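Two complexes are shown next, each including subunit A; its partner changes from subunit B in the first to subunit C in the second.
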Partner chain A sequence: MAAILEKDIKAWLLEVVKADELNKKDVKKTGIHFEAIVPTSKIRDVAKEFLNQGYFLESLTAVDFAECFEAVYHFNHWKELRRGCVKILVTKEENKAPSISSIYKSANWFEREIYDMFGITFIDHPNLKRILLPESSTIHPLLKSFKGEPAGSDVEQCLKLINEDKEGFEILYPQSVTHHQKDYYLNLGPQHPSTHGVLRILLHLAGERVLDGEPILGYSHRHHEKMMEIQSYLACWPNMGRLDYVGAMSYNFAYAILIEKAMGIAPASPRVEYIRVLTTELNRITSHLLWMGTFLLDLGAFTPFFYGFDDREKILDILEMATGERLTYDYFRFGGLDKDIPAEMIPAIKEFIPHFKKRLKDYDALITKNIIFKKRTRNLGYLTKENALAYGVTGPCLRATGVPMDLRRHEPYSIYPELDFEIVTATDGDAYSRYLVRMKEIEESLKIIQQVIEKMPEGATILGKLPKNVPKGEYYTAVEAARGSFGMYLVSDGTLNPYRLKLRTPSFSNLNSIIEILPGCLVSDVVAVLGSIDIVLPEIDR
Partner chain B sequence: MEINPANPLDTQTPPPGLVNLFRVEDVLNLARANSLWPLTFGLACCAIELMAGGASRFDLDRFGAGVFRPSPRQADLMIVAGTISRKMVPCIKTLYDQMPSPKYVIALGGCATGGGPFKYPGQYGILEGMDKIIPVNVYIPGCPPRPEALIAGILELQKQILSGKTQGKMSPAVMHDSQDNRPAEYKNAISRVEFRRPPALPTPPVSPTPSQG
Partner chain C sequence: MTLGPFWQEVVKIVLWGTFAVLFVSVNALFLVWMERRVSAKIQLRRGPIHVGPQGLLQTIADAVKLISKELVFPSQVDKLVYYVAPLLVFAPVLSAFIILPLGPGIILRDLNIGFLLIFSLTNISFIGIFIAGWSSNNKYALLGSMRAVAQNISYEIPLLLSTMGVVMIAGSMKMTEIVTAQSGLWFVLTQPLAFLIFFCASLAEANRAPFDIPEAESELVAGFHTEYSGMRFALFFLGEYTAIFISSAIAATLFLGGWHGPFLESLPAVAGPFWLILKTYALVFVVMWVRWTFPRLRSDQLMAFAWKILIPFALLNVLSTALVLSLCK
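For the complex of A and B:
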């Protein structure tokens, strides 16, 4: 089925669009099945055709080359892995491209990000303004011509922002702040205990009812992408631990696979892969436990928070044996690991599993069957399958709508094909089913951990000397992180540092879908909806 | 007033045994130190360790600092937990100004202390250290610091409060605060105790002990 799809779209690309180039790529090396450079004016037609074929927009970014910009669209299909890459060239004089946000809803934020970072204008975009940097900012940081700001500019700019005291707050409250009006605006965040960081949502309300809500991002922008352009490949490891600090192992995993594929090296021994999967799955459980605790805390239940953190601490102790860290893991290396796991780690896991299984039953009794919790989350925050795909939602949020897409099966990497686990799905697409999917995933992760510690082989965990640079080319890798599909798109020019490294983070797209969910909710339910999506802000803002 | 029998005309030496009202501040400081109410306020990674600090295993409540308040108007301790992006600075400043005095600030982790791993020459996104905008009492290093380190920081802050030292430090690149029109020494809401130090008692002359030959 998927093969037909690919053939169709390729033939279509060749005939209708007259693509300049249609390359078959080496999937094993680059992670991309086919690539086409299409004329700029045709990109809307191409996007429409991809939509008709059932593809979703996985990532959209731009690269600044010396001659021109290149806007890169990655499409993927949820049924089977068919990653198509379409590029358009944007000249530096014109600096304009057609927007596809009316075709793919997820393109809206991606295009705003490109506008923010590169200054490329998208024609017919409904709301083209900065997304990550402050409104008053004048720079486009990912341009190669941007060489950084002078020392001390941080205090200067901050004072300017404080004195203006605008940062959107005034602008976005329309003139209508008069009293006794039917509709009004309310800011949720950026300092709000249940936004799990510094997210701001501008809610448009009529009484208690939400008319629409607009998330405003960038309060935690930490210039990861620019930073990685100016440092060597090895120096990017700490960034991987700090993108999504709750589930950092998956991010380590993605970066390890990306560079190993590009360099053409294999892990030192099968033991490396087993340890990687073991630590990643343990980390996935901690991430889901943290989510469970804070989600229920948002809903007003205190007990699960303490239970969840109690179990989480036990897993952190186990992970600490191997990594020496509690949170921002920086454990994987190219072709290996930082160090082998200590001997006492496996017995500790074996001891932990029965205890945790007992705890899972407690959670079931405490939360899953809790009538208040059910009333609070059922039929709330409903996300349809179509909307989820249109927004590029991945991870548990997508699986809760009934789409069985899990990259561990969809795009098998590492030793996942050898392991026995199920893709958990639910059908309702509401907050309660998102909860169910995550709790089931904890059980599946436990299953994986049990298999891994039984099969754990012996072997070396570190490779010898490695090349310092990555061969020239473009590479894409995606893994299943705790929140969804985390993709990395690397453009290498063969030097010691990445030319461009785009991070396609799951929460960015997942949060985008909230625009569709919020209208019609009550104010008190906004927190429940937001919590059920499971966002980590520094991963969204990067 | 008791009269110094040795020198009835001496009015400079404070009389012993009088009720000393400065002790009231000490009692208040004892109360302040042991019931810190932190603001629920996380910026990035360190916020997770802050949450872990408040949760089952570490339990900040043992030190009286477990009442996390979501509103700055009810809090007296701001724990700046995470990277400070420039876009966020006006909000942090507003939150700080909204807190009633006496108020204390803990910079948790490398980012809040001095930019942490995100500081590089020419960076465009972050503020390199919280002390460039608001005064900081205690710095806790780490990326992220363990909850034990946070507890150590809170104990250090308690020590500072008990000794009456509540004014935080600003970085050399101190801001000129345009919103705050008060005289410089009143800025940032210094506790009254710093202006009302009890006068130092004169040290009694040490009489040489006669040698017992």
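For the complex of A and C:
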């Protein structure tokens, strides 16, 4: 572990990212290139240096150890894979850490989440309040001392809690209940046709013009992370399908890779990898199709929604053949798959591809060249490259700003290095570029699928008996999900269940960037921007 | 015993009014069914097919449901205004039937201000929309009614300007005379630009997509009628579909030759209404086709479209028509 010098942080950083240092950590196993514990007082300087070197903050979380808290910062570089893990120790008596939200904008919500879950206070944080739990709650659920309170088990208790939350909300957001003369506040959501779930955006409006807006999360919070801490590794599989229910296969993929790397096992045969990539790419297409439909629905066009769903339905039928599920997939297993794909699946895909290619041309005519669609989305929701990186935006939203970062190439996993596909980018960073990137990605995914079904080898799809526990250590894995980079940070103590499993979900950071976009929009633009970012609430709220 | 001229007139009005109300209700039910089937065809669906032949009775079942629903009065609304608003939206649209010439001689009142009366009457329904949003005491509804007012003011101008060319050629505002003037050539051929402008503006007047910003359901939940339920909501709905029918009928009368068509001489009482209604439904179909194809415009783009494109072109059309007419004389 590299020691940190008093003053020369830059030299230290350059030292630790050197090639020979990089290999000190077992990258293949842990997914982390370099690791350091820095003094709490130094973390701001370290973060500044990382920013100067062009790193972005991939994930920020905390772990509750018996002696102290550990706040864990994962930095990564968009040009090449350099995942650095920096930790600070926070004593339980003091329970305070300096905030880096003024350096990395994405840290704002990450720190709020840590405050919410662990009760660690971040000094100089501009807006430190709960983010996922209700405003009135008093618990910090990720503390190891928290064993769960079955509150809200009867109707009266529920009503009481709802009332308390309303009061708590009014205390935290006093502006939303006071009367104003010229400007006013509008709660877009939690129940609203265009928030894609239960998201609330507190809009500060003057007429129809947005002065600023603040997303308020947590309405579909189920606490997957705590759930996983109390169940065995195998029992965590169903959770993976319920985070991002639209593109669940990538989440299966991440978990499979994470545990396989940690246990040091390889999939049963190459066939497993091929089927994994095949199902994941099919799932990516369904996710983008659903996005396309709902995005156009937000803009007031109904028809593309039905076209998109028609095609999506066909893919779901194909995926159902293999998995038996249509939405919340639970298909992968450690070192293998739940079961092999049936014989009729490959012909069904071969039949589907030409039909779908024709359909893509229809979309082009109906949407891409539609003048009203162009008028509504061009120059809307503009996100600069710098802002996108500062907010930790990943996936199509990042690639629409011109950053060619796709983890399938950036951090090659599975058989992606052997496949021929392009990283789609656009340059404008507006809603229209995001649309173009996603539509092009559908074509690239089709390309991958075609290659995979040509090369598909035979082989076993299930491994024999495996140990039930994961060796002690810390592991990080990230995969390119439909919405961006999905990272999993596992701290294992060698027992039967994860000690801590942080889920770094892409939409969480992507949605954070909306704060930058909203001012100046009209109400109609708010839903368009929200749609263009492509959020899935259960994944944000976890 | 013969009735005096006054009573004859009263009977005529009552009969015509009853006919109009009946026609409007049945027509709206049919239009809703048609909209569902058209949209289903466009969207690879089947639409209502189970209730009655071809699902024709589906909308009647829905209407019965809406009528039998409880009328909810939200606690924060301005009661009187909230109550009046749906009536104010629906009633003026009905009045358009006063001057609609269904066939040669089949018209209640052939006024010499003709369609000007219709436009001024249908504008009252915008007051209804505005007060519906205002009295609901809901921010979404208020935003919706604000948009409705802005939209109405903007689109009234190109709507009227586009008809001026027709009036100049026909030399009258009387509906019957305008139709008679088209016995040779329909005005859509001599005034194509005016027809396009009129069509766009009447889409906006009827709050139809892509100009349906006052109720933009993906943005404003349901816009001005967010707080309305049951039959009150149905009145807005009825008003909207009747407005589509009326504006299409006026467009058909002004530009597509009204009642003109084959077999008019032999069977004027049947052929006249038949051709007019056929033309109207053809236009209504286009209106639906547009709705299910295009995304919605943003409110500022909508205003820009009216003021920067429609109005200059409408003025240009008036100018060029006047020039051509004066040169021909």
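A few comments on the model shown:
Throughout what follows, the second predicted complex is superposed on the first by the 494 of 542 C-alpha atoms of A that agree within 3 Å, B and C clash if a C-alpha of one lies under 4 Å from a C-alpha of the other, contacts with A are read in each partner's own complex, and residues count from 1 in each chain.
One rule holds in what follows: a contact is a pair of C-beta atoms (placed from the backbone, for glycine too) under 8 Å apart; a residue touches a chain by one contact, two chains touch by 3 or more.
Quick caveat: nothing in here was measured; it's all calculated off a predicted structure.
Between subunit B and subunit C, B touches the greater number of residues of subunit A. Of the two partner chains, neither subunit B nor subunit C is touched by A:29. Residue contacts after overlaying the shared chain place A:299 against subunit C, while subunit B stays out of touching range.
In the superposed pair of complexes, A:92 makes contact with neither subunit B nor subunit C. In the superposition on chain A, A:376 makes contact with subunit C only, while subunit B stays out of contact range.
After overlaying the two complexes on the shared chain, residue contacts for A:310 are found with subunit B and with subunit C alike.
In the superposition on chain A, A:193 makes contact with both subunit B and subunit C.
Judged by the touch definition given at the top, the superposed model places A:385 against neither subunit B nor subunit C.
In the superposition on chain A, A:327 makes contact with subunit B only, while subunit C stays out of contact range. In the superposition on chain A, the residues of subunit A touched by subunit B in one structure and by subunit C in the other are 192-193, 305-307, 310.
Listing the residues of subunit C that touch subunit A in their complex gives 39, 42-45, 139-140, 143, 146-147, 209-210, 212-213, 216-221, 292-301. Contact residues of subunit A toward subunit B in the complex are 133-134, 139, 141, 146-155, 157-159, 161-163, 165, 167, 190-193, 196-198, 218-223, 226-227, 230-231, 238-239, 242, 245-246, 290, 293-294, 305-307, 309-310, 312-313, 326-328, 537-538, 541.
Contacts from subunit B toward subunit A in the complex involve residues 40-45, 47-49, 51-52, 55-57, 68, 70, 72, 82-83, 85-91, 93-95, 117-118, 120-128, 132-133, 143-144, 146, 173, 175-176, 178-179. By the touch criterion given at the top, residues 184, 186, 192-194, 207-208, 296-303, 305-307, 310, 366, 370, 372-373, 375-376, 522-527 of subunit A touch subunit C in their complex.
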